Amino acid sequence: MIKVAIVGGSGYTGGELIRLLSGHSKVEISAVTSRRYKDTPIHKIHPHLRGLELNFSDLKPESIDADVVFTATPHGASMKMVPELLEVGSKVVDLSGDYRFRDFSVYEKWYGLDHTAPLNAVYGLPEIYREKIKKSDLIANPGCFPTGGILATLPLSKEKIVDRVVIDSKTGVSGGGIKPSKSFHFPNISDNINPYKITTHRHTAEIQQELTEFHEVKVSFTPHLVPVIRGILTTSHSFRLDDELNINGEELNKIYKKEYSNEPFVKVLEVGEIPRLSSVRGSNYAHIGGFEIDETGRIVVISAIDNLVKGASGQAIQNMNLIAGFKENESINHFGLHP
Amino acid sequence: MIKVAIVGGSGYTGGELIRLLSGHSKVEISAVTSRRYKDTPIHKIHPHLRGLELNFSDLKPESIDADVVFTATPHGASMKMVPELLEVGSKVVDLSGDYRFRDFSVYEKWYGLDHTAPLNAVYGLPEIYREKIKKSDLIANPGCFPTGGILATLPLSKEKIVDRVVIDSKTGVSGGGIKPSKSFHFPNISDNINPYKITTHRHTAEIQQELTEFHEVKVSFTPHLVPVIRGILTTSHSFRLDDELNINGEELNKIYKKEYSNEPFVKVLEVGEIPRLSSVRGSNYAHIGGFEIDETGRIVVISAIDNLVKGASGQAIQNMNLIAGFKENESINHFGLHP
Amino acid sequence: MIKVAIVGGSGYTGGELIRLLSGHSKVEISAVTSRRYKDTPIHKIHPHLRGLELNFSDLKPESIDADVVFTATPHGASMKMVPELLEVGSKVVDLSGDYRFRDFSVYEKWYGLDHTAPLNAVYGLPEIYREKIKKSDLIANPGCFPTGGILATLPLSKEKIVDRVVIDSKTGVSGGGIKPSKSFHFPNISDNINPYKITTHRHTAEIQQELTEFHEVKVSFTPHLVPVIRGILTTSHSFRLDDELNINGEELNKIYKKEYSNEPFVKVLEVGEIPRLSSVRGSNYAHIGGFEIDETGRIVVISAIDNLVKGASGQAIQNMNLIAGFKENESINHFGLHP
Amino acid sequence: MIKVAIVGGSGYTGGELIRLLSGHSKVEISAVTSRRYKDTPIHKIHPHLRGLELNFSDLKPESIDADVVFTATPHGASMKMVPELLEVGSKVVDLSGDYRFRDFSVYEKWYGLDHTAPLNAVYGLPEIYREKIKKSDLIANPGCFPTGGILATLPLSKEKIVDRVVIDSKTGVSGGGIKPSKSFHFPNISDNINPYKITTHRHTAEIQQELTEFHEVKVSFTPHLVPVIRGILTTSHSFRLDDELNINGEELNKIYKKEYSNEPFVKVLEVGEIPRLSSVRGSNYAHIGGFEIDETGRIVVISAIDNLVKGASGQAIQNMNLIAGFKENESINHFGLHP
């Protein structure tokens, strides 16, 4: 039994952390902070959590008593808090973008912020960095699009099969957060498909960092907002620039199966099988399918995740399980909500 | 640890039983039957259950080895199977309508079928029949609309406050089952609200049976199919025919809070608070709110449930927990999936 | 050819007026005002109107040159403008609630505002007041819910068949306007059904005013926000308080067919036929169906309209056609957009 | 005034032809055929067309009296009918795939059918073949995905700017037709994004045929079914294989504006502006936007069309207008239905 705290608990990822941690058999939630909602019962903001006897608090970092702290704070806010949390002895899983880049100048370029507290962190994608995560005090929890995009494409880069990838992602609206805006106004989303930041989304740099760790790959990325609440469906189109691709779908599938054979949360489908968002809705699983190659030598691989779970809070708890020495899927191995 | 089996596991309620039972810490699933999909891995039909190593079987009732059997079979099919299951010593939670009526002639009238195997059963709404359920071998699991409608209106009938109720329900499409049809064709449902069987739905009789158990009430019911996957939102409009209603919202609210004070799955909101489908999505909770009275003396109470969980498979497991002597909310007390 | 102007053109009803008027063969749009968007091309706010060469202006009422002015302004703002518009000789179709009540004290009670400019106006429901509309200078265009609720119930009141009606309406989100808010945030609407103002919605008084013009009827009304962009589906439940109802569905149907036999925009379906939102989407038609009676003597009649067209801008143009002496359905008789 | 007939009028494209033609000021519908629904009023199948006094007929091709016949028949069925229709003197706009390929062996390969009646036809995309269309008796109306994909990419091919394009399209469900199936079952579509035929869709060949008419381009195509009724949003990702792209967004935009400057139905947005499905819903317009280039040299251009209008029936009428010598946008120039 460990103590955990959530800093910034009034948003969607905060709510999701509370939902999942309240059902976790080996943790006790010691605090959920929110300056704005101090002393408010949590279910007033997260109506599904009615029955949970817990109020938001306004604790300062140094007053938080927790073995692991989740910082579900905006980009730029985390870096102001993380050093202090580490200092008082907590381990930190940070859900912002502040510690995701090994080269802080990349962060500064894409986020337009000076980084005032650079620290050593591990990129919290257990499928790549499991062993490092176990030993780290500071985990940079991956972005939602990078989780889907990297898992869908990683084996192709590792095996040096492709050198160009176009990642076309379709995301549920919860990825945009709990705050209303014109972009998330129901009549603007429903019956529409809205591409945005079509060449300039920050997650491009994060996908690039991880995919090029293994092999030189040109990474392009375009996200689309779709009339879905939860989930990211990623279509990864990739190929060789010289077009000499000597592989078929069955071989591709074998490579993915091998890569992910011991992964508790990655399910590799058969050639031609297509993953579904509903299969992973509310769960920490990633399903990966497709594995087809067309006449021009383009490979199509598709991944499905829940952006709030494997793409955020579930993965954060997966990281916590690793840090704490629990079973990696402890209390987060329930299936998705289909239909 | 008990053994459970599911007869008729290829539909939505079957899938939901497997999903919930596979995460139940005190049961082992001994069989899931489906004639059509014999030997097929369950995840081929229920894609979210990938990872569960279990195939459909084609066992006959007499060969099923289980302490409790869930019959997720169509109306008319259950009555052919239940006697045999009881005979070989299993207890049965039947999800069809076959055993829901204390007066079998009501069943025969509304279902248009001869009942060939009438047996003593208990109506499986624990909020009314908890003690009887614990001692019974055969539980008739309530219909989805009746669960929402009865919970929203029961205290008004019990306390003889109203004698006329109009139940206007809005249901997600999963209530119609896994089989495609014109009625559930996406372009016919999306951006539409479709009332159906506006005065003739079978669940009318079930709601009537339970609400009039306590007091003479005229019950009217109209269901609407709405562009939602899961959930039933029930608007219960009720009043006295003589219009002399001497009660206010706060008093109403107090009556509901008292009625449901010890219920593990019913949450009574405050006056004016409105329950949300997303608060109970995927969960066994019922949220009840509203409690307003207008100038004409009409009372409005609103309930929200997940039709596949509290309205079907979750409630069935709640009944199983009672039969088996487990804690009533054992392994089914997780919160809803909001957003 | 007449000149028309729209005051307050940046919202959804404004956009809909422009869309419909730009395709009207007998009008010319002389001005569309918006203080906020002065000089902005209209398609920057209403992206579907790209190709229309027209900018918002910031004209004062006295400078508007138009035979008919549509005031698509908020409640309370219209009364400040209408007198001046009438003075300079324009006829006015007001889309706010300011002139809908024959008894201004009812307005003041339900809207919580002092009425500073009471004037004679005609309630712009042509199905009741056609002849008066033709002769009037000021038309109070009906609310969206009242249009659907009155058309569904009027014949029952006129013929003194019922004396109690519960109107349970389901509205698309566009009825809430173009401005984002928590209530219209996609994750709060999608996969949800949200009742609101369950006993206190202002449109109650408007429905009451018109239905009781003919016969004493107790009117109750509850609206629900549904995951639909356009459309109001109204379920009208009605009965006699003494329960002695001596009529059947076919007779009911005949009464409705007679009542609406010459109406260009009301289509009466057969007994048991259910109207669909998609049948009237984008069109000025109202479809009315149901006409069933249950064992308790409750009558169910259902209407479908597009809240932005027959429920607002289309009906406003229908009124304009009447005022201007055009054919009543001139240029607004296109069919709905199904699927 | 010309006479037109629709062969195969019971599907979505048939319904859309009737909807649009019934509002066309220069045509009279002489017949709508459907073997299955012979003598049935059209509104029984297309409920939005209530008020149109017209029944389905079962006329043979030789008995159809029409200047222009629209064949909204399945692939393989058109080729059996078109020769006869031409023989009796009608001009034909065929909405199937039967006449879209200049090389019939391509048709036979992708459609898996022998072509039994090859004839000279013009590919009915007026933006390329306007002059030929005017003089032709047989127009092969383009597929929905090709319309969106070609319009988004054509100038890049014509100007030899790119030699590799990945077309990632998102289509509304109405594109799948009126017939229910598992793929279009509401719970399988809602809250999901479903890629399908990810490397093998027939429209690939059609896009390839037209884009490579001007320049050698490798074309890849993947469609996705999205929870939308109408509309195709196409994301066209393109680049040079040698990566030496010497152009910026403004220049790209200029090329598109020049290419489409005289097109009545193509609207070119500004750099960075994103087209919306709702802007073209129900209309014959195509909106094209994006025009951004990322650091890897990938160009992103996005198009939005209504799959049933510009992607099918509206374009068919545009072609009819050309054949008949009417104004090209006669009676089909209404704006889209936003919101």
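Miscellaneous remarks
Letters A, B, C and D name the chains as they come in the text, with residue numbers starting at 1 for each one.
By our rule, a residue touches a chain if its C-beta (ideal position, glycine included) is under 8 Å from a C-beta of that chain, and two chains touch if they have at least 3 such contacts.
Bear in mind that the values here come from a model prediction, so they are computed numbers and not experimental data.
Common neighbours of chain A and chain D, by the contact definition above: B, C.
More contacting C-beta pairs link the chains of C-D than the other of the two pairs A-C and C-D. Our note on geometry: chain C versus chain D, Cα centroid distance of 35 Å, whole angstroms.
Once the centre of each chain is set as its mean CA position, chain B and chain C turn out to be 38 Å apart. With centres defined as mean CA coordinates, chain C is found 46 Å away from chain A. The residues of chain D that reach two or more other chains are 12, 174, 178, 187, 190-191, 227-230, 276, 278, 281, 339, listed in rising order. On the side of chain A, the complex with chain D involves touching residues 164, 166, 168, 170, 172, 187-188, 191-196, 198-200, 204, 218-220, 222, 224, 226-231, 233, 235, 237, 241, 243, 274, 276-278, 281, 290, 292-294, 296, 298, 300, 302, 339. Partner chain D is touched in their complex by these residues of chain C: 12, 15, 19, 22-23, 46-52, 174, 178, 190-191, 229-230, 267, 269, 276, 278-283, 285, 287, 334-339.
Per the touch definition, chain B reaches chain D in the complex via residues 12, 173-174, 178, 180-182, 184-187, 189-191, 227-229.
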